[in-house]
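Okay, handing you the structure first.
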Amino acid sequence: MSGNTYGTLLRLTTFGESHGLAIGGILEGFPAGVKIDVEAVQHALDRRRPGQSHLTTDRKESDRVEFLSGIYEGESLGTPIGFTIHNSNQKSKDYDKLKDVYRPSHADYTWDAKYGRRDHRGGGRSSARETACRVVGGALAAQLLSKVSTTAFVHTVGTITIEKSYSELDLSQVDSNLIRCPDPETAQRMQAYVEELKAEGDTAGGIIQCVIRGVDPGWGEPVFDKLHAELGKAMLSINAVKGFEIGSGFQGSRMTGSEHNDRFDSLGSTITNYSGGVQGGISNGEDIYFNVAFKPIASIKKKQSTVNKEGEIIDLEIEGRHDPTVLPRAVPIVEAMANLVLADFVLRARVSKLQ
Amino acid sequence: MSGNTYGTLLRLTTFGESHGLAIGGILEGFPAGVKIDVEAVQHALDRRRPGQSHLTTDRKESDRVEFLSGIYEGESLGTPIGFTIHNSNQKSKDYDKLKDVYRPSHADYTWDAKYGRRDHRGGGRSSARETACRVVGGALAAQLLSKVSTTAFVHTVGTITIEKSYSELDLSQVDSNLIRCPDPETAQRMQAYVEELKAEGDTAGGIIQCVIRGVDPGWGEPVFDKLHAELGKAMLSINAVKGFEIGSGFQGSRMTGSEHNDRFDSLGSTITNYSGGVQGGISNGEDIYFNVAFKPIASIKKKQSTVNKEGEIIDLEIEGRHDPTVLPRAVPIVEAMANLVLADFVLRARVSKLQ
Amino acid sequence: MSGNTYGTLLRLTTFGESHGLAIGGILEGFPAGVKIDVEAVQHALDRRRPGQSHLTTDRKESDRVEFLSGIYEGESLGTPIGFTIHNSNQKSKDYDKLKDVYRPSHADYTWDAKYGRRDHRGGGRSSARETACRVVGGALAAQLLSKVSTTAFVHTVGTITIEKSYSELDLSQVDSNLIRCPDPETAQRMQAYVEELKAEGDTAGGIIQCVIRGVDPGWGEPVFDKLHAELGKAMLSINAVKGFEIGSGFQGSRMTGSEHNDRFDSLGSTITNYSGGVQGGISNGEDIYFNVAFKPIASIKKKQSTVNKEGEIIDLEIEGRHDPTVLPRAVPIVEAMANLVLADFVLRARVSKLQ
Amino acid sequence: MSGNTYGTLLRLTTFGESHGLAIGGILEGFPAGVKIDVEAVQHALDRRRPGQSHLTTDRKESDRVEFLSGIYEGESLGTPIGFTIHNSNQKSKDYDKLKDVYRPSHADYTWDAKYGRRDHRGGGRSSARETACRVVGGALAAQLLSKVSTTAFVHTVGTITIEKSYSELDLSQVDSNLIRCPDPETAQRMQAYVEELKAEGDTAGGIIQCVIRGVDPGWGEPVFDKLHAELGKAMLSINAVKGFEIGSGFQGSRMTGSEHNDRFDSLGSTITNYSGGVQGGISNGEDIYFNVAFKPIASIKKKQSTVNKEGEIIDLEIEGRHDPTVLPRAVPIVEAMANLVLADFVLRARVSKLQ
């Protein structure tokens, strides 16, 4: 009830502070009989791993997932899948000096307001390290969604943006560059921009776009748990996310109804797709696509002023190894959360009618 | 589990098709001992009511809420608050011809895909009529949040937008015009635009902004149930919503970390508020503000082509009385959902630490 | 979260105080496409109705269920089924004098301890009147369980008990006498005993047995939500219930393993059925049977001493019309709760494996 | 949703097959600021451990709990408490011959019916080994319940039973003998009986009684989640449990209302306690006491007939090291589940009224 669980039928519960012994989770409600490719899970985790390139943090963490239960002879048992990821990086020397300091735009102050105490080493539970467990859960969820493909990519970094529709991009090329942008020319400019900010000790925000193909009509619930409402919650629960839009999104609010309506060209197929594949909270079989806005990371190296627990204004220089942008590493997290949402709905779809 | 309930500790479950006998709901988990102002609930409902002005639908519905339980001698009992709203408008002649037609960008097709059947009269359960129950629940939730003020207003209609920050507006003036825009000059232009579209049988989308003041630091959960993730889900679950952003939102993703960080000027107070009052998923005591993007209503009067159940392309002219824009009537719905989210979190905050 | 909802996939939420305007509920998660026999629901409610005979309370309440949503053209829509039952008996003169009195073995004192206030008229929410809503929900659940038969009957009143196994009884005869005991001779003695207690202003407890046939192997969850654990919770949540046992129950704890083990005589069939149709929390296809112990009703007419809010010991004579025993009217409640449990599990069984 | 979680605000989710790498769990919703005595948790686990004496299984398992998160500098953080218990005993040679056999009164057949596959090594997830995780969760819950004492003990083995009320026993003496019966003379007879059965390769059932002192009035929910309904579910979810009764239980159903009513002798205190400390589902401040009936363990060494997957009747001799009775080892499990229930309700009590 303290919000460490995502999902209704397929439920991922995670645990772990960034500098404790381990992080991990339990994926519950995963049906029996699904073939499990453990290497595919590890591959997803590798895409989120720190230290992949000079565009991310230099911290080296191997991040190996260890499955403890729920999988037997290569198949899911229907029982909870328990897993852990060891925290190799428990040295918290860098963080000791942050014990009594509230960093700007971090969760330090709000955490103390809520709990009265915190594990100050590296953000503890509010660290984005927690999202590694989501990647594990999402990669398992993807194996339940055999007909669905979910592809996220970096769409915008700062003001540098892909000027095309996703349908004009080759989405198989997302991993062909360090920034995970499938448009090579834009990727180059994004990379140069991030390198520049990194040199200044500054950080960049941006937008990740996600495209989901192969969803049958009929997934989603029509009232509070609309498909895009759950996608929105799932994305907004990722660290640093400040915005979500599906289909035409904010731009669509400028259009008129006669422009915006997606007319059918046959039963189950529409000419345009301003809806983003969801109507009335339920999938219509068209591509689902949405944008996720990430703020720039708050851990900058530039000197800034802040406040300590005594309320004194002090100078702050954050040490340690931080990412100049979260975007490339957030791509697998967006995919993971999307797949957790979809896998939950594919199960929920089994109980909505008599047969 | 079919998504007709919102909330964890404070739970609103709604029922009702638009043209059945009644709609209604149960608000469960509402603490005992709260003074209940029934007229304030009815007032919120009146702001959502059809037929308020020529800018909304001409349908006249009185929409009186009747409380059946949970309130005794002017106070909440701690028991479930059951309520109904009679459906005065059950004549569905207008809808009979839609029985076998899938209207563009409506839930008709997706609903059939999910359930294999539907109450075709007026949208049934997918009609925005369901949101009347949310307004009742939210107005009760507001009475639990005595120190909090939640104000939503129409920020943008089509391309006509308020060019100021909310802090420069007089939010007490939201209801001073039919469009519910607190900037009088902008309101006038919005109104003219809506009247123009109405004459053409077309519809407008737009953006509602919501500002919440008086939230203590420490509300929200740090992982999946972040305060803004729940706000996002709540807003995206409202009919016609396609986007949500909190604080700096999509614009903030263009900034650098050194620009975007909200520096403290004293303990518990920040100079800027790009975060929108939430850091790490938990409130920090600053104003919470967010934008909600609404698509233009799909029920246009202009003739359009569509498909029927047999897959034939047919001409469609939607009759009945529909809103040229949902925005003025959606203002109390946004407030209601925000208050349901906050009231849930104020209860959840009671159990996060030992004392 | 305040415990007014039963179930996981199929969820019944109830509301209503005994002397408010109405009681009612929402059954959510009921699949689309189930043929609904509204008269069968009313019939179940009639079996629970007060004033059926001189063995129950003399209060006359017609208890008509009104369905407000979720059913259309004789079938379930897949949307929430909302319903109300009007409280005809709102005169609470009898209860005014109980305003500041804590009746022995009632919920008066504990309710005040929990909520700090209560609707003192007739027990308010703690009245067994709430169970009428369970009967409605359970009667709908039964219509989802087309192959299952659930039969409860009065097995014991005070010390008068059926000395046979249920398999020797004609369970179609439950309603052939006022006490709802399918063994005619025992029924007669039970009736005489209840009449005698009624004359003395006293009340009787007893045991209801319930037999469920037609459950497929594989329903139930193996850990916390074992089939019999949910049945136990469901039964213990009925007013006045103090005990539950399945299969061999308390008697079985006296046996040895070699006596108690249910040996197979073929695949899926056992010679004995000490397990009561459930092994490891999951149904095995044999009959499910269990006993439910009801304490004698606390509302006796005999004068007794009690305490008021000021802590003074006072004499109490409870007026009003109360049942000398709950047992005959509790039979449909036991069946209703059993059917709610089973219908939830039949839906849960749909998501436990890949195909 | 597959029933591997217990609780509403305080939620224990467990994972693990008996012969996988590890079992473990996540305790979520545990408030921040509780001093944690890790040794007390290990002590509870030692009381459940196999191989404690010749009255339990000879299997030696060290069962050390390792905490991975949620505890920092001796206090709870308010974050999920993740933990694992290594499975030292993974050799499953004994079980290979059981791969295609359905043992009588085990979950083998029902498991296959539900999931279509199972980890046949030692019962997998249906093994009572899972309860070790409950003991960990319950021992943590006890540390939240500082004013409450929960004491379970063996009350009956087969037909040998304590003939006194718990109030006449010295409950500090539960661990003074191997059988965990606080009545020394009865304990001796119980022990002799178990030794006798063990020699024959047979097993004994029995009853555990549990007494809870120090619960404030006002814990519990009045409708579906009655305090004793949750206790009942919690107990019935323990392997081998077939019955539950609170207070006067099944015996109380033989009494009349005038005998059974618990009269007050002052405000908040009753002369008798047939209610078992709960009225209307809510605690009244008196002792809570209840009985839990355990069937004899199904794993007997005596030769018995059974069926295999092909439906053939075969002879079965179960090898391996099994308990002649579960009762002494079940004592800490009963306490653990009771404490999980109570800790959940102490948190729920925080949100039932305004202040």
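Residue numbering begins at 1 within each chain, and the chains themselves are lettered A, B, C and D in the order written.
Methods note: a residue touches a chain if its C-beta (ideal position, glycine included) is under 8 Å from a C-beta of that chain, and two chains touch if they have at least 3 such contacts.
Computed from a predicted structure; not experimentally measured.
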Report task. Return the chains common to the contact lists of subunit B and subunit D. Result -> A, C
Report task. Could you tell me which chains are in contact with subunit B and with subunit C alike? Result -> A, D
Query raised in the report: Measuring centre to centre with C-alpha atoms, which chain is farthest from subunit A?
Result: C
Query raised in the report: What is the distance in Å between the mean C-alpha positions of subunit C and subunit D?
Result: 26
Report task. Mind checking the centre-to-centre distance between subunit A and subunit C? Centres are C-alpha means, answer in whole Å. Result -> 46
**Report entry** Computed distance of Cα centres, subunit D from subunit A, in Å
**Finding:** 39
Report summary line: subunit A touches at least 2 other chains through residues 1-2, 4-5, 8-9, 14, 29, 32-33, 78-79, 114-116, 125, 222, 351-353
Query - Residues on subunit B engaged by subunit A in the complex (per definition of touch) - result: 1-6, 8-9, 14, 102, 104-107, 109-111, 113-116, 125-126, 130, 156, 158-159, 197, 202-207, 216-226, 228-230, 232-234, 236-237, 239, 242-250, 252-268, 270, 274-276, 278-285, 291, 293-300, 302, 304-307, 309-311, 313, 348-349, 351-353
Query raised in the report: Within the complex, which stretch of subunit A touches subunit D?
Result: 1-2, 4-5, 8-11, 13-17, 20-26, 28-29, 32-33, 66-70, 72, 75, 77-82, 84, 114-119, 124-125
Query raised in the report: subunit A touches which residues of subunit C in the complex?
Result: 1, 9, 29, 31-34, 78-79, 144, 222, 347, 350-355
